[in-house]
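Here's the structure we're looking at; comments come further down.
Each chain gets a letter, A, B, C, D, E and F, in the order it is written, and its residues are counted from 1.
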């Protein structure tokens, strides 16, 4: 009986989309307003899901309090109220698109989740744009 | 042309998470506030999805009115405004975690859905915690 | 420049609607399934709003972190994961309807908000039923 | 690193569910109020998802502005504020159920999405009824 | 202790915005796509609120089951799955804008609500457009 | 028959809360993480409401397309994807708290709304924090 358990969390951050080795013109053409050199920002809503067997002694796939605390220590403390480009090492040379942020979050969490369980990250950049990454 | 059709429903209930053969201390350590012996409760939001071929004569995978009535008779009448631990037979010896409630709901519905169609249950215990079970 | 600032919070609880000095029949007639003697429960979503002048030095009507902490200490710690009828003194002789819970929450918060500011409480018992109290 | 990127859009339309070669009685029995010959209508909320590898030069699976414009030109301009039965050629002989609308939208979009990427359409007919089609 | 109690409901309908004594050109200029002679439609989400004193014997301003049934008999049965222009007498000579629909709903409900209580209707034509009428 | 008509819009932006004539220590104590000198950001959701009489010839209080375009030209073009502190003149010497942003938006819109109509702005800084300003 494999069940997926999901926990919602959130953080907000500033970012800028651009590629350092491209001209301003090319960055503007590709990233538009997202290339604002003074940054813009988002409320990121995050859903982290873990899939595995129900532990018959607890009835849990994973204790949601543990998952909540893990999201707090690994994701919220690293990203909340931060400038992703300037302050988060993973984005030093990586464009902080929603896709790349989701992959970074998945990588931060993966080693803390039991190996026989699957991990999925859904990241809403806005209520209208979101991405899903499962490894 | 296989399509998944989904119907949202809801019920509310009281429950307590604990294991009868554990000490109070262990129950508190594992289940925290959810072990309150006087119970607490939730508004459960439920999404039931059925996946199958579109019937070319109706354009339906499954008549949503039939699915709505099925959820009402099998799930809402059994669980709505109930104390899950005391009044729902399936939880007499089963901890009513979100995971286990989703499995119980899936089992209640499965025999009423055509064999060649897939069934999925998503159960929100709160807007922030939810589980998915597909058999 | 009077502005209303609002903060969303949530708690869950069990309750039962009934009047001790009424017969079972009358309680059932008035409160229906909400009179279940084994209790049922809800995820209560709460919006607390404070209206007042913007402090020109901070740009705040009220620091949202202070309001968040106040809701936590006065409301969430008193009501979250509780049986309202059995464990919350205010409901010892008061029916825990959404209306009365909103009034109790307002009264718990009022003395902690500056006198020259207005207070409003919106309480969602379900996503479909909610109440508003402003004193 | 395969990621699913999703974009939300919306349109509203009138429709009627019925089958021309059935009697009125049979249409009423199967489609109920949805068979109103004067039509009824919905706000359709649409989520279009594209799954593929992240382009390392941009950090995008697909530029969301391109996807947004594609949904506008292919879906919104064809369906928004339309009578699906009378004005949308795809439904001339096809019942405009949510299932069939989702398939029509998927077919309209598929040729505009790169072949090595997957396409999924989720269509909410109401906040309580929705369908998912992935080809 | 005056409290506002609110109940959410919904219906869907087709409509067309136009003025019979205007030219097509003027109707198009004013109402745009909403003037489609073949109609379009919406899922209308409705919030009905009643404000009054809490009855100390029940703890209710108004029994929500009574309000729910009243909305069903007076609003949903009159408007759900209907063509507002063709099938709802109130709109025979009245343009079914969100504003006018809200006023019609308010008038349908007012006589059923006790005189010493206030009535408010909020009507969402889409999740992005809504109106509020309080008499 | 005075009706309030409301339109939802959205923009995202970076900002930093601080007061230039305060020490770093005082800024940190008052604004916490919001004082990050590298900025953070939000998806701002905006509801603009106009209250007035229904025009009997159109059935509108105000044409929602006009209101939508007004929000676009006056608010979205000025604030979307901007750094509020560095790029929006109104915040050159004004702390861009949610309260102050709401007042700025209200002031930008007020002269474009007919004098005999009321204007209200609700601004969500996050889904959990929002402010309301009515002049």
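The rule is short, and it goes like this: a residue touches a chain if its C-beta (ideal position, glycine included) is under 8 Å from a C-beta of that chain, and two chains touch if they have at least 3 such contacts.
Keep in mind it's a predicted model, so treat the numbers as computed, not measured.
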Where chain C and chain E overlap in contact partners, by chain label: F
Required minimum of steps from chain A to chain C, each step between chains that touch: 2
Chain pair among A-F, C-E or B-C whose interface repeats that of A-D, sharing over half of the contact pairs by residue number: C-E
Distance between the centres, which are taken as Cα means, of chain E and chain A, whole angstrom: 41
Inter-chain centre distance, chain D versus chain F - centres from mean C-alpha coordinates, in Å: 33
Cα-centroid distance, chain D relative to chain E, in whole angstrom: 28
Residues of chain D engaged with two or more neighbouring chains: 127
Touch relationships between chains, expressed as pairs: A-B, A-D, A-F, B-C, B-D, C-E, C-F, D-E, E-F
Partner chain C, residues of chain B touching it in the complex: 10, 12-15, 33-34, 36, 38-43, 45, 80-83, 86-87, 126-127
Contacting residues of chain E [partner chain F, same complex]: 17, 19, 30, 32, 94-100, 102-103, 127-133
Footprint of chain D on chain B - complex, ascending: 1, 3-9, 49, 54, 57-61, 63-65
